[in-house]
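First comes the structure, then the notes that go with it.
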Amino acid sequence: MAKALLELEDVTARYGPVSALHGISLRVDEGEAVAVLGANGAGKTTTLRAISGTVKRSGGIAFAGRSIVRRSPESVARAGIAHVPEGRGTLTDLTVAENLRLGAYTRRDRAGVREDEQRVLGYFPRLAERRSQRAGTLSGGEQQMLALARALMLRPRLLLLDEPSLGLAPLVVAEIFRIVRELNERDGLAVLVVEQNAALALDASARAYVLEVGRVAVEGDSARLREDVAVRRSYLGY
Amino acid sequence: MRSRAPGIAVWLLVAAVVLLAYLFAPRFISDFHSRELAGAGVFFIAIVGLNLLTGYTGQISLGHGALMAVGGYTTAALAVHEHWRDVWTIPLAGVAAGIVGFLIGLPALRLSGLYLALATFAFAIAIPSLLKKFSGLTGGSQGLRLLEDAPLQVTGLSGTVTIFGHTMTQNHFLYYLTWGIGLVGFLIAWLLVRGRVGRTFRAVRDSEVAAASVGINLAWTKTLAFALSGVYAGVAGSLLAIQVEIVNPLSFTFLLSILILVGVVVGGLGSLGGMILGALFVQYLPDLSTHVSTAEGAPDFIFGAAIIIVMLLLPTGAGGFLRRLARPLTTRLYLRP
Amino acid sequence: MILAFDWTQLAQQIVIGLASGGVWATLAVALVLIYRSTGVINFAQGEMAMFSTFIAWSLVNHGFSYWAAFVLTVAISFAGGVAVERAVIRPVERAPVLTVVIVTLGLFFVVNGAARWIWSPETRSLPNAFSTRPITVAGVAFSISDLGTIAVSLAAVALLWAFFRFTKLGLASRAAAVNPDASRLVGVRVTWMLALGWGLAAAMGAVSGMLTAPALASFDQNLMQPVLLYAFAGAVLGGIDSPLGAVVGSLLLGVLINLIGTYVNWVGTDLRLPVALAVILGVLLVRPAGLFGRPMETRV
């Protein structure tokens, strides 16, 4: 039985006076890929923000057995959770190489960092070509790859991916998901991916949660959800 | 988006209380304090004007001391050179400063936020030197002395003033004059702010692009705001000249501009109610600081510390605290680059 | 009659101008540092530099050599800058920009008053760091002091640049200034980066003060007020959000003002300050972003 790496229990979150999550419970096991689906405004992005600490939240959030619900975003990152936010969050003024170096900010093992940089650039050869370019000059797809690469430089135990397909061409999106699947299957990286494109996300994950208005409406194995026409029609729009 | 407006009755009550306080205050305070209050009144008028500019159109000016200088010197020059009666010069001083404000407002259109602050800062620093340079008009470093050289002063050497048959001390007269004008100016500003002008100003403050897209003429609005605040500053400077009976370049240093701005922010940006508190703060605090300690440098230290502590405790000023505002008062000034 | 142009004098005046400009550049870089990281103009930067200079004076007075005092003062100033940020700026981090401006104005009075309180307002002097002998380069006599000032200013700026460019902490600091939210997600303690910025700015200010004071026969607590103005002018000329601009702008301004003062008769030394102010106003009107700055885009 796989150990739970991330556990959310009855988590609420709000933006100022507006409540966005009304009690979410979910789980990601070691080495598991989990998808969070739902319509716009269902609370998917907020869930990731609650985990990484970038929104006001309360409830039970445990990572590798330790509670992280009171931690600052910096502290959550140091614990080994890499959050690739909506909008990517690339540091546009810095070069590609500097963005990557920054990803490894919390690490002290210089040899490991160098090794990871090689590995990551191996995954994204286009980034290797543009190493000394300012990140702001990259295309949308390349910036998404850079954001992902930077997150990997943290050598995280858990990767939070927020809407990786947003605004990108289908070919690029497919490539990104292929890499994510590979990282999960080959390297055992746990992944929690939020996606509007349900089909893609279900293909790339083992289990999925469907959110509706800040609550978990449906949960289960991705394979089963994919086949469930009723769920697809009601919640996933296809 | 409209703030809850208390009923007309409450406003009338407040107005009545204020009016009574104004009329009868000198009975209860010493002559010396009347003079101090008159000084606070000068700040009050300048603060109301600057508030119209910064609080309502979001333009930061660190140069309103210079506009006060325009008003002050206009009054002094007319009184000394042209032998005008000092109080009649007040409207002209306001107009003169208003024109200068308008002229500053024109190039200011191209600047925003901190750039505007820097430009007005440079202007304020330059003013004393400029005043010294045109000594024919301004009396150079010596300045102009109304006490000795202006023959038609309402105040002056006699120590008492007779108005409408009442005789009162000079200080009481200055108090009534200054706060009378102050309250009228306050009322005018209040009416402007409640009306179309105020709404236009606020639209410009909150989003210039949105304002322009609904047809507001940005250039006209922003320069109008500068001109208006200039008028207030000019009147304040004029009253200062009348009170102190002398003007020289040192009367209008950068420090004065800072004090006015501190008064606006401590009082609470965009809050007319906090303006009085702001004026009292910048009038009395430097004095109080000297009462705590007269050691060299200590009063400044205490004054600066007081400013910092007030800002730390009440980041939106006294007015913000008084109204318990939850919403940001000036969104543009709140946006970090 | 052919007027032979005095190249020697030109070269000398340029060097003198560069020396003034170098001193202004170090303070200008401090201003830009704070502006980029905190988004405000620190009106108290000059006074903080003055305070540092007085600390240096006290150290020298207690027997330290100039350079020992220099290094020690830079270190103390760094700590002081961090302390100021934590005590006074951190609490108003989320307050309106205007509030923070007022806080720095309050800080101006606090630091100036404290300096006058602790050290009485009599004038004092710092020994010249460099020998006062002239040195001859290519047949032209220059003052070692001026050359030394240029060297130290540029070295300080270069060290700062190297820190930001090559160290991990410098990278994190740059990232925090540009995108604090994304920086947090990689583990950067953004609030400490702000404190670091203030510490470095204070250190640069200290360098500026300690180069200004020895050049004067004597100084008092008003030492840095003109320097602050020139630094503003240099920073605006170069671009208030560009450190390179601050340096280039200040050096350029130094040379410009000195040449105008030397060659244009009615300007003289009295009107140097108004010339600087005219530069500020002129640049702001024509091209607010300065030579190297990025034009401010308004987000719709």
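Chains here go by letter, A, B and C, matching the order in which they are written, and residues are numbered from 1 within each.
The rule we apply is simple: contacts are C-beta pairs under 8 Å (C-beta built on N, C-alpha and C of every residue); 3 or more make two chains touch, one makes a residue touch a chain.
Predicted, not measured: the structure shown is a model, and the values here were computed from it.
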Chain separated most widely from chain C, comparing mean CA positions: A
Comparison of B-C and A-C (more C-beta pairs in contact): B-C
Chain A and chain B, separation of their C-alpha mean positions in angstrom: 54
Gap in Å, rounded to a whole number, between the CA centres of chain C and chain A: 44
Whole-Å gap between the CA centroids of chain B and chain C: 33
Per-residue multi-chain contacts in chain C, two or more chains: none
Residue ranges of chain C in contact with chain B within the complex: 35, 39-41, 88, 91-92, 95-99, 101-103, 105-118, 120-121, 221, 229, 232-233, 236, 240-241, 271, 273-274, 277, 280-281, 284-285, 288, 296, 298, 300
Chain A residues within the chain C interface of the complex: 52, 54, 72-74, 77-78, 82-83, 85, 89-94, 98, 101-103, 105-106, 150, 154
Partner chain C, residues of chain B touching it in the complex: 54, 60, 107, 110-115, 117-119, 121-123, 125-126, 129-130, 208-209, 258, 261-262, 265-266, 269, 295-308, 311-312, 315-316, 328-330, 333-337
In the complex with chain A, residue positions of chain C that touch it: 168, 171-172, 174-175, 178-179, 181-190
